[in-house]
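Shared between the two complexes below is chain A, which pairs with chain B and chain C, respectively.
Entry: the complex of A and B
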């Protein structure tokens, strides 16, 4: 009897497993549409809800510049979830967000209130936390419709632009979704988003948008963006400039450090920022080799410090804290509910004391 | 033999992520989680040291045998059944939790019940093996998986996205007096030693546990990492809004030049292994406790044939797990875990002290004779 029971039992187990597999939602890759970027805009005037634009990758066996093909779909609905469901009936394949690398908020949306649209992004399980977030100017749809010429495979330009594998520009600050969500929630640090705009048939990212917990409040120009990158991320592949007696001198940075402390002085608080920068000349008038480098360094110190201070004061006037000074204050002061209230009263009157120490290491290849 | 002891400790402490321990700690991050963690380190270490003393006094004897030496059957049987229920719950919560996780992150189209059925099927087989085999399985699983655990932890704690200011800001709340819930959650990390309630049967006569100072070291480190790294990644406020906090944290990591970009897949596979081994161990211990209540059942560490009772008991465990996860939703599951963690503290303290008391009496008897 046991001779029969054992094989029968094994058969039952195998059947159980087989049924379970057929019940899985594994769908072949040729029946899926991979979303590579998603744009969220407010619905057109007079309507409620959102206008969602998806850029879908069309798989292609060829990998060569210009071979990338994409399809762009736009739809209006009252909620994002509904828009995605509706969009599914416009396309013939299952939508898959597993490769979506960019979530783009339209400028009009971010200027009013972005909190509601975040709900969908943070709840959805196949939204990658390492995806990039940005602002689309003038709106997300325009950016989604850009088809860069040199793309080897769909979405490649976006991945290379924001990741560190392709271009490394001191004006591009990549913001990943988890960091954006962290900043939105954090007490003592406010969100930032790079602004992406269309130019010819490509993207340009040079400016940084400063947001408070609800909307966009200020914008940094390219120079300020680079400064932000240098102070916050100690971004070394960048430059500093100074004007000395009518000449413009540019130093390309090799190493950069920045530290800051928040100290009580007198009856107010002072933020002491110290930067150490070392590098070599990239642009300078002939004969810079024979000049007194100490004096040049001094000029750089003063001008860079003034530039940094201007940025800090601009940010402070906008009433936001993209550097996370408040978090640093919380990290270095006693932990209780009072600490945060104290900081809220300190920040508007906080004074900045910036000292920069530039070290010129060489004059490049010529005198 | 020493390494087997530490495998158990490492297994249980790394499983804390599955049992919502970081979630519960982070929930109380401003209300005494930090000081509770420190208290739990002292309490957990003390319990582990007492327990290892008990094991030294009764080499080769599991908890059922020790209890039957000192207590009449009608007292020891309910105790053993209750203890087996505790172990069953621990492993079933982890298993059911993992099935839900698969449903959330891997494939939302598969029902979590089917995943759970498959997992339970595997665990029925593995947990019915002999005590010795289970021990070997733990060893192999730890050797294969611990490097990956260390890799992910290394990757997470050296990431440039880790915000040390957020970590320091939460650490500033160390002065807040400890609370029981976070204390109960964090002492779970130290609890690996209790698995020796059955595995002590494997120990020879001259057995000694060395390097016991490793226990507080390893466990406290695990505790710190599982609490502070998510805070570093998600900030002091947003961190509390995530349910599967470590899955989300591993999703925030990127493997730049690996064969997969999202660390979460590595993380989920790793925890699949660990959860299965943990459930195997838990069910096996619970099964041995139930078996020891039956008359005429002798403890065997490596019988030639698997007793029929093993299959019956393990299948009953699997059915109970399936039924529980069928009737409970995510929210109830979390509440039960929370209460289970708190109940555990009482049970464990009573158990350890009872056994320690017996070990003292046994020592005195030896001196007398």
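Entry: the complex of A and C
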């Protein structure tokens, strides 16, 4: 019998180890309610706390356009955790946030203070860090109640809108939870959130909200959003426009690079931004082929540089740093507690020197 | 002599005992008629004895087919091996006249290949050795013979290349063969169990019917055991990776066989872990899937009344029964079983809401990838492995499956096949060519 004692002992050890790493409760996939989006609004006037709206997916074995069904639940409570717990008594299955792809802050909440509501999102274990975060206009509940017509499965529109699988728009800047939390906590970089609003029975995302560490402070219009996207992400699937002698010329970008340096010049600091853009005409008057492209390029250079400079100055005036200039400064200067203080005094007076080099590669037509 | 034999075999009607007489000589012969080829008896004994072209007592001493048998204690065994006992002038001789009924013209049935040799080993030892020797024409090929089984006394041949074989493995095999105490050994699998595979999850020697595999094995320094009455040879020591090799891999184009090899390993991983992963992901970590898949699984599972592991067990039970049935059923009904089981049962089980449609896919993937493994006894071992893995999956989810797989890996790495590491990746036994006489005799 002794030959069995050693394996038995080993088995006992393995079982002990295995029990120590046991997973969470056994609950089958059909006993779970998948939350696909969660909206956080402040409670109605005169009450404390939050109004939480969840969009729950009703799974169906059929996947075809328009077959998606969802259930929307709203509840008010003093804390988010309490709201979720209360909500569980409204539904018949366990709530699972594992597939929750969108956390939407209501505009009214983000205009006052969003820090408290972040606590729940950043601590809850089944909240995935790759979830998208956005601002809901006028409030999150309205957006949650939108049921787009052609959804193949619940929430598909949201996944396609923000992910790279579906539409690729230069006006949509997706912000994921991990990046948002990083920006909230990092010195020298401020959070941004796309603004999602309802139009007819669908969503529109064209604007970007600029936040400081506590609340929403400014908003970029679609053109500025596109510019932001071009400077920060070198987003190539976009366009630049210029007005030349009354004509509007549009170049569709093939390649774009941008880099910047922060230099001390004289008494103050200057941020030198250089952009190289190459592309072909998407809209231009007839006969553009025969014109002198150097002049056209020069016009583009000036107008795009002015636009970029306007954006940078607007951001600077708002007192936020969505590009992370401060982080670059901290990273490239000797690190001590003084560095950050220096940057705080430099940024409001920072000068911008933007140079754009547009290279027109073709007229877009076959001659 | 005849009196003694008569008392040894009390009630055997097929025992033939005769005392013959010609002009000069009286001989006694005894044999078991059912074991012997009577034409041989008449060719070698009766005809020369009665025709008296030579003096028969001289013939017996000159013709090498007659061997002297000194020990009367061996008479019974010799008779039972199909020999004829012959007493001339008080001296006992034996003559091999065994008639062995065996499969004619054996074709490979278990391990089929497309372009390789189609002939399989024979159920008769002599034929098998003939097949192997003709494919391995080298004087270094050593053949040793022993018997195993206290009652059955089955003949076992040990074949190896005496220059290439690993001496320590050889002595270990000899010792183990001597220590076998089971009364009956009928098949190679039985022998491999008696040699130490009894409580193992993985087979430590390869059972094969292919002479080309045997020859490659011998050339690679391995030892081959052949058993009288079984057309399967045992090749040892074996490594895990040997079992994943089909003989085709030596014949077909290089890149294709490498891809097939990769495919096989993938299939092994799938067949072991897929049922457990299904339980773990569906019940613990549904966020691992893409959203689309999650919703479609959740939708198709919504009608299933049982938890996922019951579902898995139902389906695996069905598929195992199906495989078992199609192996056991006669060939003519076999295809009916698969049709009924595969088509009707799978469809109906899903439509009745007993299992989800994803589970049907999981089950078929598990079954199909199990059949990809080229050596049958390994395929059986792998087939079993998925069941223990279900238990940690039920209790601990994906982390449980991971730990379970780790346990298998640790166990594999710990295994030894006749003293050689079982999980060794570079599986060639180091060649000892040129080292003449290192293994000369027992």
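Please note the rule applied: the second predicted complex is superposed on the first by the 341 of 367 C-alpha atoms of A that agree within 3 Å, B and C clash if a C-alpha of one lies under 4 Å from a C-alpha of the other, contacts with A are read in each partner's own complex, and residues count from 1 in each chain.
In this section, a contact is a pair of C-beta atoms (placed from the backbone, for glycine too) under 8 Å apart; a residue touches a chain by one contact, two chains touch by 3 or more.
On a predicted model such as this, the values are computed, not experimentally measured, just so you know.
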Which superposed partner A:365 touches (first chain B, second chain C, both, neither): neither
Contacts of A:128 with chain B and chain C, given as first, second, both or neither: both
Partner chain(s) touched by A:59 [first = chain B, second = chain C, both, neither]: second
First, second, both or neither for A:159, with chain B first and chain C second: second
Partner chain(s) touched by A:178 [first = chain B, second = chain C, both, neither]: first
Contacts of A:5 with chain B and chain C, given as first, second, both or neither: neither
Which of chain B and chain C A:188 touches, first, second, both or neither: first
Shared chain A surface residues [contacts with chain B and with chain C]: 17, 23-24, 26, 128
In the complex, chain A residues that touch chain B: 13, 16-17, 20, 23-26, 122, 125, 128-130, 165, 176, 178-179, 181-189, 324, 327-328, 330-336, 339
Sites on chain C touched by chain A in the complex: 280, 282-287, 291-292, 294-302, 304, 307-308, 357, 392, 394-400, 403, 407
Contacting residues of chain B [partner chain A, same complex]: 30, 104-105, 107-111, 114, 117-118, 121, 161, 163-176, 233-239, 241, 248, 251-254, 256, 261-262
Complex contact set, residues of chain A against chain C: 14, 17-18, 21-24, 26-30, 32, 34, 36, 57, 59-63, 96, 98-99, 101, 126, 128, 153-156, 159
